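Written below as C-alpha cells is the structure these notes are about.
The letters A, B and C name the chains in turn, as written, and every chain counts its residues from 1.
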Amino acid sequence: MTRRALLIALLIVVLAAFASAQAKTPGVIAIINARIIPVVGGEIPKGTILIKDGLIAAIGADIDVPPGAEVVDATGLRAYPGMIDGYSSLGLVEVSGVAATVDNRETGRINPQARALEAIRYDSMHIPIARSNGITAAVVAPAGGLVSGVSCLLRLDGWTNRAMSVKAAAAMHIELPGIRGGRGGFGGGRGAPQVRADGPALLAELKELFKSARAYEKRRDAAAKNRLLALPEYNETYECLLPLLKGEMPAMISVHSERDIRAAIVFVRDENLKAVFFGVEQGFKAADELSKAGIPVVLGSLYDLPPVWEDGYDALFRNPGLLAKAGVKIAFSSSSASAAKDLPYHAAKAAAFGLDKTEALKAVTINTAEIFGVDKTMGSLEKGKAANIVLADNDILEHRTNIRKVYIDGREADLSSRYTELLEKFKKR
Amino acid sequence: MKHSRRVSSLLILSCITALALAAGPPAGDVGPTYAIRNCRIVPVAGPAVEKGTIIIRDGLIEALGPVDKVRVPDDAEVVEAEGLIAYPGLVSAFSNLFLEQPARPEGQTAPFEVEAQVQPAAGEDRFPPGPGLLVLDQLKPKKAALESFHKAGFTTVLVAPTRGIFQGQSVLLNLNGEPLGPMVLRNGAALHINFTTERGGYPSSLMGTIAHIRQSFIDAEYYAARQAQYAKGPAGLKRPEYDPRLEALVPFVRDRKPVVFQCNNLEDIKRALKIVGEFKLNALLAGANEAWRVADVLKKTPIPLLVSLDFRPPATSMYMTQGEELRKKAEAEIYPANAAALAKEGIAFALVSAANADGGAILRNVRTAIKAGLPKDVALRALTIQPARYLGLDRELGSLEPGKIANVVLVKGEIFDDNAQVAKAFVDGVLFKYAEVSK
Amino acid sequence: MRKPALPCLLGLCLLTAAALPAFADRGDLLIKNGTILTVTKGVIAKGDVLVIGGIIKQIGENIAAPAGVRVVDAAGRFVLPGIIDSHTHIALAGTNEGSEAITPEADVGTVINADDTSILTALSGGVTMVHTMHGSANPIGGPNVVLKTKWGRPSEELVVREALPTLKFALGENVKQSGRTVQPGQTQRYPATRMGANAIIRREFQKARNYMEQWDRYNKAAAAKNPPKNLVPPRQDLRLEVLAELLRGNMVARCHSYQATETLEFMELAKEFGFKIACFEHIWEGYKIADELAAAKIGISVFADSWAYKMEAAEGIAYDAGYCAKRGVLVSINSDSGERIRRLFNDAAKTMKYGGLSEEEALKLITINPAIQLGVDRIVGSLEVGKQGDIAIFNEHPMSAYTRCDMTIIEGDVYFDRDLVLKEREEAAKKAAAPRGEGGVS
C-alpha cells in the first residue's frame, strides 16, 4: 500500500472508532446467538432479537444487527418472554406475620372500592426477587370478604406504582368459600369434609347486590337527564361495581369446590359478566363445563394438600393438566408475595403430573396475557410486543436455572435484590 | 276342751314371743321372702335350668334349681314367672350414672375422647378433680335414671368421675332404690386416670400429661417412703410435709388399690400398659374401643378390659381420615366389631355402659356388638361374672348362686333380643315391677 | 403380600393385619435398570440394587434376581436413597407443652400417632425417615424422636432406635410469644424477651447441675461402708433428669433459632455447660455466621426459601443453605410442614441456583446430611451395601422440576407405589360410573 492509502485507512479507522463511540443508537439492543423460545411460534435454535423503543423490533434467525446497536451475545442462553403471575400480593404484603406491613385484606365483606394499585409498595423487597427470576409482570390482587376489590396488573420495574401500572383495573375480585376440611383431607381432619352451604347462597346475595346496583345506575342516569328527578345519594358500593357490570373488567372469582364451580358458571352467564375463575382446586371435575362456558382459570398455589381425600394425593398437581386437556385456558399464579419467584415451579409441578410442557410454559406467559387482555403487548416474543425478555442458562421452569438478564419494556432490569445485597454484605466479613 | 285351751294359750304365748322376737329385728327392713317360680334360669355360673325356682330371703339367694327340686318356703311370696327368663342382674363396671353431665354439643365424639368436656370456671368448682375426690359426693340419684338402668337389666354399677387427668375415685352401687346410702357397695373403689389435658394450665399437652402422671406416681412412692422412714425412726429426720394429693395417691402405688386408665385409642392402651408396668399398678383399662388393633399386645400383657359399648371411633383414627367410604364402614362395621374381635382372640373383657345414661341405647349397642359377631354367651358373661370378677365382687354378685346377693332380672324373651323387656328386677332382694311397655 | 401403605386400604384388611404374623419373606426386593444415585459413591447410569431382609446386599449392573424376590423395573427412572426430613411435627398427638416455659419431661416419643395420614403424604414425596419434634413454644421443649414412615405398622415399629437422642430448644419470637396479646387477668409468660430466654435456659442448667450433684452425693454416701443414718435420697425429678442426660452427653441439642445473636449466645451456653449442639433449626441468619458454625461443627436444618413471615425471618435469604454449605457447614433442608414434606427434593434443587451447588451436593441436603445430623448415617442416607434398603424411585432426576416420586421403599418393603394408586383410582372411577354404583365420590 502507498503511504497515502495507509494514512487514509488510519483516518477511517480513527474516525470509525470515534463514530462508534459517539453514535450508539440509543435504546437499540441486539440479542444475538440466543436459543429463542417465543411461546407463540416455533423455537428458533439460534436467533436474534432486536429491541427498539421498548418494543421487539425484529426477531428471527436471520436478522441484521443495525450499526450502533448494543450487542448482547446470548451464546449458550435461552430467550423467553418475561413470565406473568396470574395472582399475587406483590407490593401489598411485606412480612406476613406483621400486620402493619400487610395491605391486601380490607375489613368488611363488600369492598369493590378497594383498589390494589393505590396501595402497592413499589419498592417492596419481594418485587426484585421475583423479577430476578424472570417474572416481568404480575396481577396484584386484594383478598378477603365476598367482594375484595380491584386488582391491577403491574410491570415489575418502575420508580412509582403508577409508572409500573400496565392495567390499573385488571379484575374485580369475588371470593367464595374454600372446601371445608382445610388441612382435613390429608391432614387428619374430622369426619367428612362438607362444602359449606354458603357458595350458592353467596352468589344469590351477589345477584341481589348487582340488581340493586343496576337499579341505582338507572335512577342516577335518569336524574342526570332530568333535573326534576331526585338525585340518588352517592352509593360507593354500587358505583364501584358498575364497571364490572358494564363489562369494563372481568370478575375474578375465587371458587374451589365442584359444586360452587358449577354454580359460578351459571352465575356469570346469568349476570352476563366477563369472568376468570381463580383457585378451582376441583376444576377437573367440572372441566367440560368450564371449557364449554369458555371461562379461563388462574390456578392457585399448587402447594396445598387436597382438601378432599377422595380427590387423591396429587389432586392439585394433576388438576391443571386435566383442565388443559378439556380445552380450558389455564394460567398459573404464585398466590404470594414472598414466594412470587416460585411461579415457574408451579407450572413445572403440573407438568410432572400430566400437563404438556409447552402448555405449562404458555400458562405462565401468553395465556395469562390473554386472560387479562394484555396479549397485544406481552406474553410472547413477537414483533411489535413489549420487549419483556428473559435470558436464562436453562429451562426457565427448572429450579437450577440462572437468569442472566431481564429486559422490561426494552430496559435492562436490575437483578440485585434483598437476597444478593445481604449475601454480598456478609461475604465481605 | 281343757287340752285345746292349753294348746291355744301355748300358741298365743309362742305367737307373742315370736312377735316380740320379731319386733326387735336389726335396723332396716327385712323385706319379704320371694319365690320366683316356673321361669327359665340362666345362672351364668352353671348350665341353664329350663323350668326353675329361685328363693330370695334377706336380700340373698337362698336357693335355686329345678321346680321340683326347690321347696317354696311358707313365708315366701310367690312371684309367678312362667314365660320369663331369670338372669343375674347386669353389672356395668364403668358408668357415669347419677352424675350431672353438662350437655355435650352436637357432633362431639365419645366422652372417652381427649377433648375436655365443658368445665366449670376456676373457683366455681365444688368438686375439683384430683386423686382424693370421691365421686360419691357428687351423685344425685334420680328415679328415672335408676329405672332406665333397671329396664336394661342393670342392677350393679361402678360410677366413675368424669373430669381431669387424675379424676378421682369411683363408687360401686347396687341399684336398690333411691336413697344413696343403702346403694353403696364400696366407696373409693378405684382411682380413675384419663389421658386428657388440663384446661388452661399444666399440662396442656398429652406428652405433658404422661410425664405428669409418671411424676405423680414417683412422688407418691417417694412420699410413702419418706413417711415409712420417719415412722421407723423419726429422730434426726426432718418431718415429712403433709401433701393431700400424694396422700391420696399412696394406696394405689404402695398398696395396689385398683387404678382404671381411660384409653381413648390404641396408643392410650400402650401408654397405660407402660405406666402400669413401671409402677407395678393393679390396673384396669376402660374405653379401649380400639383394643382389637392391639390384640397381640394384650395377649402378651393381659389386663382387665372395660370395653365401652360406645362404638364411635376416635376422630384421629386412620379409619376416619381416609375418605367417606372407609369412615362409614368404620362407624357401621369395624368399630362395633371390637368386642367380637377380642372374643375371637381369646382376650377376656367386660362390657360397660360408659357415659350412656339411656338403658335402651345401651342394650341397642349390645345387640349391635352381637350382630357384629360377638357370641351371645360371651356378651352375657361380659356383663355379669366378668365385671364382677374385675371389681372383686364375684363372691357376692355376677351370677345366680345360693349365697350370693339377690340381684335378679326377669326378662320376657332372651335378654339381648330385639323385643326383650325386663318385667321385674330384684336388687338386694328388693322387688321392682316394670309395666310391660309395648313397642 | 399385603400392601400396608395404600391410601385407600380397606379397614377389614387392617382388622386382620393386627392378628397376622410379620411378613413371611419381608424386605426382599430387586430394583433393576435405573440410574442409581448413591449420593456417596457416585452415579451408576444403568444399575441394579438388591435388598435382602431389609438390607442392601448388592449395588451394580446386571444383578440376577434370586428366587422369590420381587423385581421392580426402574428403566428410565432414578433410584435414590429415601429422603430424610430432619425437622417435622407429623405423626404426633400434640407438639407443644406451652403452659410452662421449661418442659423437658414432655417427650414426643410418648405420643407417637401412627394413624396420621401425613405419613402417607411424606411417602408420596419419597420420604422414608423423619425427625419429628417439639414445636417452638418453649426455651426448653423436650426430647424428640426419629421415625420411619412405615404406614400401617404399629407405632413402636416406626421408632429408629439407632438415632441420637435429641433435645429441642427454641429461641426468639415464638418463645417470647410476641404475636400473642395477653388477656385481662392473665400474666404474660416469662420469658418475654431474648434476654429472659437465655437467662431461663442458664437457670435450668444450673438447677440440673445441682440436681446431678445432689444425686452424686447421695449415691456416694449410700454406697459407703457405713452409710450415715437418716440418709434421704433426693426426689427424682423427671424434668431435671432429661437436662442431666444432655449434660452427661447422652443427648444432643437441636435449637430453633433465627437471628445471629441468639444463635451465638446459645453456642456460648453450650460451651459454658459442656453440652453438644447437633443442629440449629431454621436459622435464617445462618449465612451471617457461617464460619462460626463451621468452626464449631454445628449443622443447620433450614428451609430453601420460605421467609418473610416474621420479623426474624425478614432477612432470610435463599442463599442461606447453599452459602453455608459452601463454607463447610453441614446443611440439611427440612420441611417443618405436612405439605412441604412431599417437595423436599424441589427445595433442595433451589440451592443449585441460590448457592451454586451441584446436583449431587443438593441431593446430599436431603439424604446423607440429615442422616449424619441425626446420627443414623451408618444405616441410611445413601445407597451403600450394608445400609438399610430405604429407597425412592423418581421418574426424572430428583433435582429436576419435572420429577415426581413413583415408589417409596423402606427396608425393602414397598410403602408407596404410584402405579397402584392410579390403578385403584381407575377402579374407583369405574365403580362410581357403573349403573348400580353407590353414588360415587362427588
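Quick note on the criterion: a contact is a pair of C-beta atoms (placed from the backbone, for glycine too) under 8 Å apart; a residue touches a chain by one contact, two chains touch by 3 or more.
None of the values given here were measured: they were computed from a predicted structure.
Most remote chain with respect to chain C, judged by CA-atom centres, is B.
Chain C has its Cα centroid nearest to the centroid of all protein Cα atoms in the structure.
For the pair chain A and chain B, the distance between C-alpha centroids works out to 68 Å. The distance from the centre of chain A to the centre of chain C, each centre being the mean of the chain's C-alpha atoms, comes to 37 Å. Inter-chain spacing, taken between the CA centroids of chain B and chain C, is 45 Å.
Multi-chain contact residues of chain B (touching two or more other chains): 316, 321-324. Residue positions 188, 309-310 of chain A are each in touch with at least two other chains. Residue positions 7, 115-117, 441 of chain C each touch two or more of the other chains.
The touching residues of chain B, when paired with chain A in their complex, are 107, 315-316, 320-324, 327.
Touching chain A in their complex are the following residues of chain C: 7, 115-118, 120-121, 124, 179, 287-288, 290-291, 305-311, 313-315, 317-319, 323, 338-340, 343, 346, 349-350, 352-354, 359, 395-396, 399-404, 421, 425, 428, 441-442. Chain contact summary for the complex, chain A toward chain B: residues 184, 188-192, 309-310.
Contacts from chain A toward chain C in the complex involve residues 94-98, 125-126, 129, 183, 186-188, 258, 285, 303-305, 309-310, 312-314, 317, 337-339, 341-342, 344-345, 348-349, 351-353, 357, 395, 397-402, 418-419, 422-423, 426-427, 429.
Of all the residues in chain C, the ones that touch chain B in their complex are 7-12, 14-15, 18-19, 93-100, 103, 105-108, 110-117, 142, 154-156, 229-230, 232, 235-239, 441.
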